[in-house]
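Look for subunit A in each of the two complexes below; its partner is subunit B in the first and subunit C in the second.
And then the complex of A and B:
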């Protein structure tokens, strides 16, 4: 079979698209956005039910919708988008043909079929087992089968990504090391392989159990292995959205990484330590020792947290250096004040960074502390945390990337540019407030995945304090704001992709392998001089101050929770 | 050269920037502090989840709980006649989690220490003591044993905070803590 060597170069960005890769990136992105649409409608229903004053759905529908919301958002929206990101970071950034497009399509269709089968199982009504599907609570076999098919498809996509790296090296389409963003994507893909393997180890026996071929699934074993899949899949998101931060900083500001060595080492720490986080979910479980819990929940010694704190500094730091070199060098924050706040790619990326760090990161470390977990385990604090990481962090970063991709990948002008300026703020601020008040209610003990916090008609029900109701109400209103932001995103993307004005660019043309070889780089001095910018020998003093503000918030919040823990009943 | 293009030159020899170097040292120090807080609290703190757990079966755990109820029952409450037990300080207190109730109710004395045994008869449940806000996962097949010392008298609620099916939100009970006699 002849290898497709049709390429086009985007005139405005200089990016090189391989024909099958472009098509696959588009289709994966479209599948992602469709999942986001379905998940978003379900999100609205969940929010309106957990708003005590509205309490929309009956319990059976609530648990069904919550199950589907978790799966469509956490699995289908994010992983479809991540596959698009993987293909982009390999084929496009390395200016290389995509390896085995036929296999990539097989993977894509397996993912589509898996997502459909799983959704059908949930909407039939006999698989309202939540995203986590904890055995011995059982779902319809199709529920597990759908997830397994989806995972096999995603695994194929990961290997197409790795194969593309091999092709790029063999055809010498780049010199030296892969770009930092591709390196981040490699990190995400390695974690994805670990994740999918864990998913197979637990979901295949559970599927066999659901059809009667295995007679017993131990609940602790299930939770331990399932979370190696469930939590690690969130770590793919972290690696992917951090890569997207670097990419958007490069696109919007031409920012160079402050040092490749530091950023790459931080990604490498993710590969080594992120997957231990299965333990975060097992801190309140019997049958595991404290030694096991402490080592794993802290990613050895918070080495993955260290990596995130490093990225949290180097991404804005790189932006600050780029801005200062452009002349915004006055004071601590001129670079930030003069940043393009009306560019939705930038505003989405920056809010993603702030929200992920301040809300998602700090709360995640707090609740991942062995003893502190006792005061938040399974409360609504937990979804508060992960809406800050996965929605503000990952989803918002992906939204920012979409605004960049519409003209270059889909070759369409963006529709509703005025609305696009506001979209990241409406969605991001709505979601941050949503997460914050969820965490507040969780601190007061409000349970997650619970239809009725009023315990209406229950003689033994618990009466939550008025503050808890207030927080749930504000949470729901913030959630509505985020839903509006989500609708804006869908209008802009769907409108632009299908109805936007076409951008005329040179079309695909055949490029022989020898013409695709990257030219030898001109040797450059390694030491990058940042003379004349920054203060006190710090090239990015503003970022450093922001980092210290972050650290102060982190330290205070962390010890406030220890103080709170010290007031509860002694346990040992 | 930026994050989207291959780095030029020997990037791993590029010296660390002062901002990054300083931040890495500070951040790593903070990571170590957070790490050592956990073992520190095991030694000096009072709130640590017990590591003591045994394999059990619904029948075994039911039998032990029934024996406790027979011995220490003081009254019954609600239409379902849920027994309220008041075991003596220091004794073993058993609490069953099942679809969709906690059984029995427990009455403890303020300031006294008890050995609380938790196990599920069927699916996963979540022991959530309110308003104290202590939250513990309850597994079928595992008997989790912890010592607990109620510090304030009052009526507490135990709600289930692990989703356990269609009536999950109805699974609630009480725990009484009375002044020491």
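And then the complex of A and C:
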């Protein structure tokens, strides 16, 4: 079969698009946004039900809607978009053809069918088993089958990504190492392969159990292996959105990583250790020893946390250096004040970085400590944490990337540019507040997932303090603000892609392999001089101060929770 | 796309590539590490502990 060698170059960005890769990126991105739309409507219903003053849905509908919301957001929206990011970081950034486009389409359609089958199973009403679907709570067989089909499709997409790396190397479309952003995507793809394999290990027997071919699924075995899928799927996000941070910093500021070696080593720490953090979901489970729990969640997870702190330092550091070199060199924070805050790609990325670090990161370390985990286990603190990581961190970063992709990938002018300036703030600040008050209510013991926090009519009722109800109310109002931000994003993206004014660019043309060979690299100086910028010997003093603020908040919050733990169960 | 002539042997950089960079430049080695480590430390170790729980009599 003839290899498609049709490419086009975007005149404004210089990015090179391979025809099948461009189509696949578009279709995956559109599928992602459709999942976000469905998941967003369901988010509104969940929020209005968990708001004690409104308490919208009856229990059966609440659990159905919560199940669908979890799957559409945590699995389908995120992974469709991540596959688009993988193809972008391989084919587009390496300026090469996508390997095996036919297989990539097979993977895409398997993912579509899987997502549809799973959603149908949930909306039938007999699979309200939550995102975690803990056995022995059983769902309709189609629920598991849909997830398995989706996972197989995503796995095919990951191998298309690895195949594209091979093509790029064979056709010498780049010199030396792959770009850092692509390396971050390699990290995401590796974690994805482990995640999907773990999902297959547990979901295939569970599917067989649901149709009666397997007698019994051990609940602890299920939980242990399932979390290698369930939590690691969110670690794909971390690697992907950190790559997006580097990409947006490079696009908006021309920022270069402060140290490629350090950033790559941080990604390597993710590859080795990030998935092990899955164990923090099992810290309260009997049966697994403290050795296993503490090794996975503390020793190993802290190395992954170290990597996140490295990225959290180097991305703003690179932006600060780039800004100071442009002349914004006064004081500690002129570089930040003069940043393009009305550019939604930047504002989304920067809020993603701050929210992920201060809210998601710090709370994640607290939750990952075996003793402290007891304070908040199975409370609404847990969704508070992962809304800070997955929604503020990943979704906001992906939204920022979308604003960059609309003109270059979809070749459309962005509609509602005024609204786009505000969208990251409405969504980001709403979601940060939502996560924060969820965590506050969780610290007071409000349970996660539960339809009614008052436990009305139950034998073992519990009287929460008024503060808990106040926090749940503020959480819901913040959630409504975030939903408005989500609607703004959907209006802008869907409007731009389908109704936006077309941007005329040169069309696809055939490019022979020999013409795609990367030019010989220009020798670079070993040490880059930053003479004349920064203060007191620091090239990025503002970032250094931000890092100190972060560390102070981290240490204080961590030890405050130890103090809090000591008051939970008074001994006398 | 860039037009570039094929490299001549003289163009090849003869400086040795550091070992760590060779590891980081090999996606399939990284794939192996990224699957083997959590499989052993999380799944296999965890499953062995569960299997080792005494059965109630």
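By our rule, the second predicted complex is superposed on the first by the 564 of 572 C-alpha atoms of A that agree within 3 Å, B and C clash if a C-alpha of one lies under 4 Å from a C-alpha of the other, contacts with A are read in each partner's own complex, and residues count from 1 in each chain.
Definition applied: a contact is a pair of C-beta atoms (placed from the backbone, for glycine too) under 8 Å apart; a residue touches a chain by one contact, two chains touch by 3 or more.
Just so it is clear, the model here is predicted, and its values are computed rather than measured.
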Which partner does A:218 contact after superposing on A: first (subunit B), second (subunit C), both, neither?
-> both
Check whether A:283 is in contact with subunit B, with subunit C, with both or with neither, and answer first, second, both or neither.
-> first
Identify the partner contact of A:351: answer first if only subunit B is touched, second if only subunit C is, both if each is, neither if none is.
-> neither
In the superposition, subunit B vs subunit C on subunit A residues touched = B
Does the superposition put A:272 against subunit B (first), subunit C (second), both, or neither?
-> second
May I ask you to decide whether A:74 touches subunit B, subunit C, both, or neither, giving the answer as first, second, both or neither?
-> neither
Between subunit B (first) and subunit C (second), which, if any, makes contact with A:544: first, second, both or neither?
-> first
Is A:194 in contact with subunit B, with subunit C, with both, or with neither (first, second, both, neither)?
-> second
Looking at the overlay, does A:134 come into contact with subunit B only (first), subunit C only (second), both, or neither?
-> first
Which of the two partners, first being subunit B and second being subunit C, lies in contact with A:60: first, second, both, or neither?
-> first
Of the residues on subunit A, which ones does subunit B touch that subunit C also touches?
-> 176-178, 218, 220, 282, 287-289, 518
In the complex, go through subunit A and note every residue touching subunit B.
-> 59-60, 63, 93, 128, 130, 134, 136-137, 174-181, 218-220, 223, 246-247, 249-251, 254-262, 282-290, 294, 298, 301-303, 305-306, 309-310, 313-314, 317-318, 365, 369-371, 373-379, 443-445, 447-452, 455, 458-462, 464-465, 518, 521, 523-528, 530, 537-541, 543-544, 547, 551, 554-555, 558, 562, 565-566, 568-572
State the interface residues of subunit A toward subunit C in the complex, per the touch definition above.
-> 7, 9, 16, 95, 162, 165, 176-178, 183, 186-187, 190-191, 193-194, 197-198, 201, 218, 220-221, 224-225, 228, 232, 264-265, 268, 271-273, 275-276, 278-279, 282, 287-289, 292, 295-296, 300, 511, 514-520
Interface with subunit A, subunit B side, in the complex: residues 1-20, 22-24, 26-28, 30-32, 34-35, 37-39, 41-42, 45-51, 53, 78-79, 118, 122-124, 126, 128-137, 139-144, 146-151, 157, 159-170, 172-174
Which bits of subunit C are touching subunit A when the two form their complex?
-> 1-4, 6-7, 11, 20-21, 23-25, 27-28, 30-31, 33-35, 37-39, 41-43, 45-47, 49-50, 53
